[in-house]
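Shared between the two complexes below is subunit A, which has subunit B as its partner in the first and subunit C in the second.
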Partner chain A sequence: MASTRFSVLSSSSLSSAELLSPTGSSGRFSLPSAPSITTAVGPSKPLVRPNIYDRPLNKTRSAEVSASAFAFLFSEIVQYTQKRVGGINDFERRLNTLGYRIGTRVLELMIWRTEGSSKAPKREIRFLPALMSIHNNVWKAVFGKTADGVEKSVENADEYMIIDNDPVVTRSISVPRELSQLSCSSFTAGLVEAVLDGLGFPARVTAHNTPNVDHPSRTTILIKLDKSVLDREELFK
Partner chain B sequence: MAIFGLWIINKAGGLVYQRNFTDGLAQLSANEYLVLAGTLHGIHAITARLSPTSGASSGAQVIEAETFKMTVHLTATGTKFVLLTSLAEPHVAATAALQKVYEAYADAVMKNPFHTPEMPVRSDGFDARVAAIIPAS
Partner chain C sequence: MSHHLFILSPSDTPLYSLTHLSSRPAAPAPSPLSANLPSWSTSAFAGTLTALSGASSMAQMSTQGGGVRMGGGQDRHVIQMIANASLDMIEDVVRRENGMYLKAVDKFNEWTISAFVTPGNTKFVLLHEGKNDDGIRAFFVEVWELYLKTMMNPFHTAHSTIRSSVFDTRVRASAKKYL
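Right, the complex of A and B next:
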């Protein structure tokens, strides 16, 4: 599943193996040339701040980033993407792919953190607990709050929804009328898709604007599960 | 005590946002507003150089007429926020409202990927924030 996901970047000549390896292509992953190594050579300058790669991963409280700084970064990401796409579908798929790359890391980090802190670390193998864990834990880790609701589609058995009344990612974004179909939360959808993929629940995840009177920026993350997941859930019963 | 309108003038003197909050104001065309904003920009530039005391001047901050007054807030980047109010509106309230509008501008306009700097502001998010700061009367 992962390799088919990355083939979305078909304009790139890189193979999926190169994309998945952080050392494979220096152009795609702009890794800074580890400053701790270079400063360690010079004896006159003692290292004050540890390199970002050497910092502990489980300090969740001090690892928070400024929402403003993220808003500016995400704004540039959207502008960059907009210049390179043909239509809204393409636009959303690109944002989804970017979110996917974050989601794989989020899942890994969360599992690593629960292994360190909890006495009985657990891997979700049933879909509903996994969905609730995304609704609570992933949202808390990424956005600092839980999502505002989980729903199951009435019409389709393979569709589930996560509702966010005021997504942090799109808080400062006003989409112009000519692009009203666009939901920048496709980025979040990609993140959710990566977490589900990583847990073994392949799905297609999309984001949709579903505003209501109280919450003009209300967004629904729609999860369309792969048939294999439903078949497996059937066996659990 | 009333707030009549809000203008935002970019650093080149172009009017990028204009909104009225009170009914019954004199009806002006978009072109007339542009001319007025450009003129205010020029006057502000002159007043900034006229200071009789030594040192830099921030330029005009309040301009009072018989029936209204305008309060100007100049930002570090050269954008001007102008609030048109009645004479009774206290100076503190006007500057506080401008400061809040500036904050909303930073949040809902400058962080919006679909906004082009120095171009007219068309953002539903900003309209909503301004409406919350300055209720229409």
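Right, the complex of A and C next:
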């Protein structure tokens, strides 16, 4: 499916380039990528601004985004970020921040879709069910599959891990050797952090490459919980 | 009978507020406490307090009311204080109970405070006088949907106040419908 969509994209940009490059004057100095952008925007009809409050929220419930379109967008995000950072830590922090913005929205929308019509909408207040719901529901909503595992750290009581054997966000990314510490899944980590924060479990979430023989792009999302969360969980016991 | 709605961000910055005056008769919910306490706005300091709270907001309120007399405890700053004071109660309850709709979490004089906490910890606080559980619940659910649509806007951040006139109109419409 992804490949067919990609071919559609490339053929349309080709045709628009043909249309808009007359053999004469203006085509020579224009950037080759510019025409495809202008054709996409320019309807001659009077512009009716859509109102966000008129759009039903469930319309896109089962809609899927083309993997190639996402890969393209994400590669631009990574390139944009790379130009503006000094080191790997900074790089990951920025990706994390971008993911955080997505996460706050994912959480709210996901819960609204399941609980919005219920008579008594509920929110998660215990940590472990919240973690499982990230592993199942958030991953399903965002990546279309559940994560591949949840683990609790043996050494530290405040550390939990979500494991994804083949993260969608980094599927088409090959990190150069000099940046080998970098994990672009920091974006996902930010998303998880936002969901936990929203539910009232402040934590620091980071992403780490943990490849194994079967899964070379296996990634671990490490959740280090704030002390207040553990204290609160104690009270529930 | 009036209602006051406040939307507060996860870090308790006010995002939106609404005063709704409904024409419905107040359900009798007499509080023995309020009868014994002096009415705030009819006290000797009322003028000063009104001035302090910002005369423009008062003027706006009375025009919206269409001749409804502002009774005891209905000064803007008092309302805000009651709403803010209830946040402690709300935070306490949110940690213990998993419902989003928190029915009558707090009381102050004639005011009952109901709240709604979204999954992302945004709080809707409603000050009301009578008892109207189902109406308030339905109102909150509609506001939740509207807030969610606002939030999906990439230009909206967790701390930006909601200034959309469409949002305002819609919230007023559902307030009219349910409160």
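Throughout what follows, the second predicted complex is superposed on the first by the 172 of 237 C-alpha atoms of A that agree within 3 Å, B and C clash if a C-alpha of one lies under 4 Å from a C-alpha of the other, contacts with A are read in each partner's own complex, and residues count from 1 in each chain.
We adopt the following convention: contacts are C-beta pairs under 8 Å (C-beta built on N, C-alpha and C of every residue); 3 or more make two chains touch, one makes a residue touch a chain.
Note that the structure is predicted; figures quoted are calculated from it, not measured.
Peer 1: Check the residue A:E76 against both partner chains and state whether it touches subunit B (first), subunit C (second), both, or neither.
Peer 2: First partner only.
Peer 1: Is A:T146 in contact with subunit B, with subunit C, with both, or with neither (first, second, both, neither)?
Peer 2: Neither partner.
Peer 1: Could you let me know whether more residues of subunit A are touched by subunit B or by subunit C?
Peer 2: After superposition, C is the partner touching more of subunit A.
Peer 1: If we overlay the two complexes on their shared chain A, which of subunit B and subunit C does A:P216 touch? Say first, second, both or neither.
Peer 2: Only subunit B is touched by A:P216; subunit C is not.
Peer 1: Please work out whether A:P176 is in contact with subunit B alone, subunit C alone, both, or neither, and reply first, second, both or neither.
Peer 2: Only subunit B; A:P176 stays clear of subunit C.
Peer 1: Tell me which partner A:S68 touches in the superposition: subunit B (first), subunit C (second), both or neither.
Peer 2: So A:S68 only meets subunit B here.
Peer 1: Would you check which partner chain A:N136 touches, where first means subunit B only, second means subunit C only, and both and neither mean what they say?
Peer 2: A:N136 sits against neither subunit B nor subunit C.
Peer 1: Just checking: does A:N165 make contact with subunit B only, subunit C only, both, or neither of them? Give me first, second, both or neither.
Peer 2: So A:N165 meets neither subunit B nor subunit C here.
Peer 1: Where on subunit A do subunit B and subunit C both make contact?
Peer 2: Of subunit A, no residue contacts subunit B in one complex and subunit C in the other.
Peer 1: Contact residues on subunit B for subunit A in the complex?
Peer 2: 107-108, 111-114, 122-126, 128
Peer 1: Can you list the subunit A residues touching subunit B in their complex?
Peer 2: Residues 68, 71-72, 74-79, 82, 172-176, 179, 184, 216.
Peer 1: Per the contact definition, I'd like the list of subunit C residues that touch subunit A in the complex.
Peer 2: The touching residues are 10, 94-101, 117-121, 137, 141, 144-146, 148-154, 158, 164, 166-167, 170.
Peer 1: Which residues, counting only subunit A, touch subunit C once they are in their complex?
Peer 2: 51-53, 55, 57, 101, 104-105, 107-112, 115-116, 119-125, 197-200, 232
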